[in-house]
Amino acid sequence: MVSFGHLIFYCGRHMSVYIQQLRQQLFALHSNKFFEFTVIAIIVFSALVTGVKTYEINTTLDSLVHILDSAITLFFLFEVTIRIIAEPKTRDFFKNGWNVFDFVIVLASLVPLDGNETVLLARLLRIFRVLRLVSVIPELRILINSLLKALPRMGYIVLLMFIIFYIYAAIGSFVFETINPSLWANISIAMLTLFRISTFEDWTDIMYETMEVYPLSWLFYISFIFLTAFVFLNMMIGVILDVMQREQKQYELERDDNEADEVHTIKQDIDHVKAKLDTLEALLRQSMVNKS
Amino acid sequence: MVSFGHLIFYCGRHMSVYIQQLRQQLFALHSNKFFEFTVIAIIVFSALVTGVKTYEINTTLDSLVHILDSAITLFFLFEVTIRIIAEPKTRDFFKNGWNVFDFVIVLASLVPLDGNETVLLARLLRIFRVLRLVSVIPELRILINSLLKALPRMGYIVLLMFIIFYIYAAIGSFVFETINPSLWANISIAMLTLFRISTFEDWTDIMYETMEVYPLSWLFYISFIFLTAFVFLNMMIGVILDVMQREQKQYELERDDNEADEVHTIKQDIDHVKAKLDTLEALLRQSMVNKS
Amino acid sequence: MVSFGHLIFYCGRHMSVYIQQLRQQLFALHSNKFFEFTVIAIIVFSALVTGVKTYEINTTLDSLVHILDSAITLFFLFEVTIRIIAEPKTRDFFKNGWNVFDFVIVLASLVPLDGNETVLLARLLRIFRVLRLVSVIPELRILINSLLKALPRMGYIVLLMFIIFYIYAAIGSFVFETINPSLWANISIAMLTLFRISTFEDWTDIMYETMEVYPLSWLFYISFIFLTAFVFLNMMIGVILDVMQREQKQYELERDDNEADEVHTIKQDIDHVKAKLDTLEALLRQSMVNKS
Amino acid sequence: MVSFGHLIFYCGRHMSVYIQQLRQQLFALHSNKFFEFTVIAIIVFSALVTGVKTYEINTTLDSLVHILDSAITLFFLFEVTIRIIAEPKTRDFFKNGWNVFDFVIVLASLVPLDGNETVLLARLLRIFRVLRLVSVIPELRILINSLLKALPRMGYIVLLMFIIFYIYAAIGSFVFETINPSLWANISIAMLTLFRISTFEDWTDIMYETMEVYPLSWLFYISFIFLTAFVFLNMMIGVILDVMQREQKQYELERDDNEADEVHTIKQDIDHVKAKLDTLEALLRQSMVNKS
């Protein structure tokens, strides 16, 4: 007699086999070139739909866009679900940063477009679906990874830049506050003003204004521009050299390995020659001993 | 009796000989240094005539310019015809991209200057004759080819840049549309505005305007400027490194070949030494055997 | 009986032992990771207090800031005193540039905040306490040192740039003075105007103004922009190449040393082989002599 | 009796000896460190006098400046004369470009300051005396020489840039002339406008103006900015790579020479070993022949 426990066991086994088959089929589907292309096409299409929404459109088109949007959301949900199921262990899916990135973007675009209050938020979140292009196209993923690698190298330079901005902003807001509060009211507004000066955007208007009260205030601006330009230039040069050196060293290491191999062979050969000569000398001495 | 067929045959043969002679003469003319110089001079002259046309000129000069223009058009037609005939196989002429480029430019400048409606078009098309300088001067042709080679390397960076612009433009046109429709009405106008911001052209005016409604909107602008500057900087560095590595590798390959040659000779010499030593050992052992 | 002299001697010895112990304890405290972190935290906190002072704040907060400021000043004084005492020889403390830098900043922030006249000065001097971050964090110190190293390389380029600016400013103030005295009144104002032009800040407004009087004055501006851009570009390239070459040479020197070592070993081996062969020849000749 | 001819001969000989002595003394003076420093100091002083003249000054100071100016002019004339006389052959003096440069500047500043009409010209010419700093300080001379070396490399890029500007200027002046004649009246004004656009100076104002008539004219501006930026970027990269390669090749050549020397020594040693082995073999064979 088959107990209830057996039944569950068999069902479970049957289920697990079924799931495994499904998993393999889904993985095959997911790895399919055509499916990949479809995903990219739908991401681009989704971006275009987002773009269309920014134009003033009549009601018919608007409702069409609405339906399309729901369809795209469903497709993305479907695609992410497939990828999660296709993964042998669900945990592994979330170990990959790009998968988490995809999952969050798809989840975020589930916020409904209907509620009056959340319309803007829902629309904004849907825009980020374009970012899925980065996670889908491998070349872009490599590019982003290499850009992220460049970040830490810039860390201390950015800190130095921040210190320079902070000091100049503090000086500026102490000294120039009464001249133009909209530019120098407090340290945060002054930092924004300094960022504007560092992009050369109408910076002379700001300077001429303060020079009427403090004729020497051009020193403040010119020294700030020189300092930031100098630090920025050095950062750029530093990053270029840093990347170049790493690549150079890696390349030379490979070459040196080859050269080292060849030199090693030559050394071994010469050791061989030396051993041979020792043998010859021994033989010769022996022959002389024999003779005498 | 000579049939009509024979006549045609002889004529054809005579013709083909004649054409071949003409072809050789034209090829000689075309390869002639003086002719090349004349072509360059006339292209430059044609550019000057185009330039003169942009000034307000009296009727006498205008008609002179008109005649000159026709003469230049005829000369260019004549020159391209010569080059087509001079080519042994007419198809080969169109296989070269620069020839097609020349042919299209010359053909385009055949649009008559008289018809009232097409005057502007005809004038615009005549401007592009200056571009023939590129196809005629070999150094410029090499330069353009090397510029075109740099394009694909920039491809994915441009795509990434476009994604960044698209997302910011979508956000901008959703959020700032009501503040200033002339800058943020829809996604395409917003992208133009963002391009303007990326060139730092009066970008603070745009920022201050939106900061009155959304005081934190400076985050939008500053993050955008940092992102684009960072990606652009990395693109530049990437392209520099890319070109440098290729040149470096090619150079080192050549050098390595030379070194490899020398090391190879040393190895052969040592092998020779080892063989010699083996012979010596054999001889010595033989002499000892003989003795005993 | 113990004389007074003995007493002083013992006291002095006791004192010197006590001071030495204190010195070691202070040195231990100063080198303590936790103490270092506290110093950094208090510098950052001091910067934040400086920042808060730029905002309009009520009286309660203002007096709190005042107390905090005094506390920070005392802490910094305490920390520098510790470091001076901890140093075995007080002179050595002032031999290190960064220590002098710290000492001056701490001393400068002792100017009291109360006196009405010196309030602004005292506030400004307190801002520079943020700079202590640079002397406390080793990575920033290294960065600044490497930036200072880049300065002399730029020296002659800066001199050349100054000569260009001086000549153009002299010409500008002679020729354009009557057109707009606020831009070209004398050579120093003209140099400021030229610096503005070199940052492309509304430079066409200046040009269009003078072109109304001197239609060819665009030559002045365009040539100036080209010259400065060209010299600046070359400076940048020069600095990049300069840094790169030094690093490259240092790297290759190290590698060459290794290679030279290997080649040297091979040479020694071959010398060994040659000596051996000489021995063999001698032996062989001797055996032949013996035989005959 | 001494004839008149003899007298002239002796006088001539006496004179030539005297001139030679003077020449040597002048050369010694000219090469003197202190004299060199005096020349530099007077050039800098002359620049300061030029600078003072741009300020509004009272009559006393003005006449003082006038006297100083004459003194400086006389000193420069004196210095150049010395250098011409000190040169063994006067022709050699003018063979050096920097000498000619000095001579022309000194000559040009001889135009008197008094004549009302030539005052401006005389003043302008006196400004260029600052340039003598370049010819006097050797480091600046080297710098200028290396800058001049960079020019030809940029030649074809500048030509290409000019072609791009010419075509866009021609299109612009044909199409936009009626919209704003002050910007697009003819090809030369249009090229100035395009240069302004390439410096991003209020370029959007120009664009928005034409977009009211031709809504698609943004294509004209964006494509122009991209083209010029792309070509400029490539020029910069090209120049960097060009300089770097030359330096790299020169450096590697030197290194390769050293390596080649070492490898050559090893080869010679091995040849020596081979010869020795041949001798040994011959000896051994001989000994065997002798024995049998």
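Labels for the chains are A, B, C and D, by order of writing; each one numbers its residues from 1.
The criterion applied here is as follows: contacts are C-beta pairs under 8 Å (C-beta built on N, C-alpha and C of every residue); 3 or more make two chains touch, one makes a residue touch a chain.
Since this is a predicted model, take the numbers as computed values, not measurements.
Residue numbering shows that subunit A and subunit B use the same positions for less than half of their mutual interface.
Rounded to a whole number, the gap between the C-alpha centres of subunit A and subunit C is 32 angstrom.
Centroids built from CA atoms put subunit C at 45 Å from subunit B. Shared interface positions of subunit D, defined as residues touching 2 or more other chains, are 200, 202, 240, 244, 259, 266, 270, 273, 277, 280, 284, 287, 291. Chain-to-chain contact here is organised cyclically: the chains close a single ring, every chain touching exactly two others. Counting only pairs that meet the touch rule, the chains in contact are A-B, A-C, B-D, C-D.
The touching residues of subunit C, when paired with subunit A in their complex, are 47, 50-51, 54-56, 120, 123-124, 127-128, 130-131, 133-134, 137, 139-140, 143-144, 146-147, 150, 192, 195-196, 199-202, 236, 239-240, 243-244, 247, 251, 255, 259, 262, 265-266, 269-270, 272-273, 276-277, 279-280, 283-284, 286-287, 290-291. The touching residues of subunit A, when paired with subunit C in their complex, are 156-157, 159-160, 163, 166-167, 169-171, 173-175, 177, 185-188, 190, 200, 202-204, 218, 222, 225, 230-231, 233-234, 237, 240-241, 244-245, 248-249, 252, 256, 259-260, 263, 266-267, 270-271, 273-274, 277-278, 280-281, 284-285, 287-288, 291-292.
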